[in-house]
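One chain, subunit A, appears in both complexes that follow, with subunit B as partner in the first and subunit C in the second.
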Partner chain A sequence: MKLITLNFVTCALKSCKSSPASFPLHPRDATLEVIETDLNLAFLKNILPRLEWNELCVITAELGLPPLPSSPPTREDLVVKPEGEVAEGAEAEEEASQTAKDLHRVLLETTVKEGKLVCGNCGHEYKVMEGVPNFLLPGHLV
Partner chain B sequence: MTDAEQQGAAYEEEHVHAVYEQIASHFSATRYKPWPIIERFLKELPDGAVGADVGCGNGKYLTVNPRVFMVASDRSTNLVKIAKQHQPHDSIVADIMNLPHPKHSFDFAISIAVIHHISTPERRIEAVKAILELLRPPSAEKPGSGGRALIYVWALEQKDSRRGWDEGNEQDVMVPWVMRAKKEKEGKKGKGKDQKATELSNEADQPLEQPQDKTFLRYYHLYRKGELEQIIGEAGGEVVEAGYDKDNWWAIATRQS
Partner chain C sequence: MLPTPSTSHVCFDRVYEPAEDSFLLLDTLSSNSEAAFLQNRFSNAQTTPPLVLEVGVGSGVVLAFTAANAERIFGREDILTIGTDINSFACQAAAQTIRTAITEYGHGKTVSLDVVNGDLASCLRPRSVDVFIFNPPYVPADLPDFARHEKYNILPDGQKKTTFEQDSYLLELSYAGGEDGMVVTNRMLDQIPEILSRGRGVAYVLLCAQNRPEAVKQRIRQWGPGWFTETVGSSGKQAGWEKLQIVRIWKEQA
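Moving on to the complex of A and B:
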């Protein structure tokens, strides 16, 4: 499971969803694996406003990853500023900045291979096995 | 959960979930070509759009648009393991009735050939509600600007299909999935390979272990004309576009508020 997915999941229990403590889920006993994938700059730029930055900072800290910048990057931060003059009318190919590469690495390439995701509200633990988190609830919780 | 809901859930566990878990890899080998309407819906999305594929199966719709991000979910762990290979998306095991997503967090959702496996009218409405709840609501100034969901279900009216069901027939049916023992190379007979209606005759492309044919029965609720739209309405959604495509009813729905 990619770390970006933690931005879009919470506890599966209906009673937890209204509680702020249920988001984000907290990875525990996690084994991480980096799975490389192509960087898509347009995608990264457009997804910025969807990221719950403070929560992502919490998750990366809990996983012992290098800290994210304290404030979210802007669209401009993701692009290397063109050097010198760009010829009139020429469409310069945008180049991903180090910030973009770092963001891509942490959100889209860093995955939880094994471990648990714990709800901060009810304490329920969801297992992650072979990179797949399982959100099925036991019968007594449904 | 009420008794009826509990019975519905238990019934689906036995006659849907357990079956897919067993036929996963064989089923997946027959599911590779996206349907055009679904392909169009996914390709029209802006780069960076975020969506859910509820009941993703083997994840065949995760290959359509790599410029969006989809969190795909399915009840079957074996199918999710197949789906998770599709970059840049991600796949999780989850139940449509208890999806682990924050409300209103997605720009779009698809649920293809899923809610025809739900066995009571109340649960069908609940399932559509669960899909609609994922979507961004429309902004006050721009009605219709909210997230959109594309839903596909198998149609009762398919008299020209191999199954031949039509108006007036029983809507709740058990449909066999046959895993054939490899006796001779028959190929796929070229019958609209990607359609539900060919399932009975699907030959696996890969050799199978089973020495004998094995039949699994899956529960389906076949939707009458207008039934999908009605359920979407009862779930608090609004139908933006709807139609009939290759033995299926489909609808694009949005939230009313």
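Moving on to the complex of A and C:
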């Protein structure tokens, strides 16, 4: 499970949805695996407004990953400024900055292989097995 | 014709095999009229990438097709896809189908989140889904006994293979829809207003003739002001009745 997925999921219990504590789910006893993929700069720039930055910082801290910048990066932060003069009308190929590379590594390449995701509201633990989180609730909770 | 994703690695003894319903979804989503509708909503490259959720991915053929043909369907390549299935074996199979399709002919631009094991869309954050796709278990047949789910959703202790009873149960999940074939679909329809994003959310749901699609559409229109639904794809005409149809559900801004 990619860490970016945690930006979009929450506790499956209906009664938890309205509680702010049910997001984000907290990884626990996690075995991480880095799976390299191509960096997509246009995607990273466009996804920024959809990221819950403070919650992402919480997750990376809980996983003991290198800290993310405390405030969310801007689109400009993700691109290396071109050196020297760019010829008029020339469409320069944009280069990903270190910030973009770090963000790509955390969001899209860092995955939870085994472990648990814990709801901060009800405490329910969802297992992650072979990279697949299991959000099915036992019968008595549905 | 856009290529159909490969599902040759999938074991169809316990995961639903792509069939007429799956192909109707592919044809509808990539039709000129639906592509025009979706591009009008999503093609602006300055907006955030739309999140596409498919519930009950099965082999993953529909979500893989959508991901790999994002440019043709949405007018942009940077879309996000996430899938859910109640069958953990389907989750593993679909993840591979999607990975392969994106690498082979999707230019690697679409970002596939994960395929998660879950009940319908219960684990998605409210108001987060821009495009929702559902090919439900729509056959009027008794629902399987969910008490067996936990046991049948994993490989038997110490075994490398599933049992015959287990496979039958897992396949039943993919097609049996209870009374009128609508029990699971009705539960899902109830969640749709909660999960769709405000302003641009749109849902595609497949129905068969026994589901009484006209009555279903009538109920959706009664959700409240602004809700619309119409049939945007169909197949298998029999004596004037469409055997299968895709309904699009969306809300217009007031």
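Quick notes
Everything below uses one rule, namely that the second predicted complex is superposed on the first by the 142 of 142 C-alpha atoms of A that agree within 3 Å, B and C clash if a C-alpha of one lies under 4 Å from a C-alpha of the other, contacts with A are read in each partner's own complex, and residues count from 1 in each chain.
Assume a residue touches a chain if its C-beta (ideal position, glycine included) is under 8 Å from a C-beta of that chain, and two chains touch if they have at least 3 such contacts.
Not measured: the values here are computed from a predicted model.
Once the two complexes are overlaid on the shared chain, A:Met1 sits against subunit B and subunit C alike. Residue contacts after overlaying the shared chain place A:Asn134 against subunit B and subunit C alike.
Judged by the touch definition given at the top, the superposed model places A:Asn46 against both subunit B and subunit C.
Contacts of A:Leu32 after superposition: neither subunit B nor subunit C is touched. In the superposition on chain A, subunit A positions 1-2, 4-5, 8-12, 14, 17, 23, 37-38, 40, 42-43, 46-47, 50, 108, 130-137, 142 are in contact with subunit B in one complex as well as with subunit C in the other. Contacts from subunit C toward subunit A in the complex involve residues 45-49, 51, 77-78, 80, 82, 84, 86, 88, 91-92, 95, 108-109, 111, 113-119, 122-126, 128, 146-147, 149-150, 153, 194.
Within the complex formed with subunit B, the subunit A residues making contact are 1-2, 4-5, 8-14, 17, 23, 37-38, 40, 42-47, 50, 108, 126, 130-137, 142. Within the complex, the subunit B residues that touch subunit A are 1, 9, 46-50, 66-69, 71, 73, 75, 77, 80-81, 84, 87-88, 90-95, 97-103, 105-106. Residues 1-2, 4-5, 8-12, 14, 17, 23, 37-38, 40, 42-43, 46-47, 49-50, 108, 129-139, 142 of subunit A touch subunit C in their complex.
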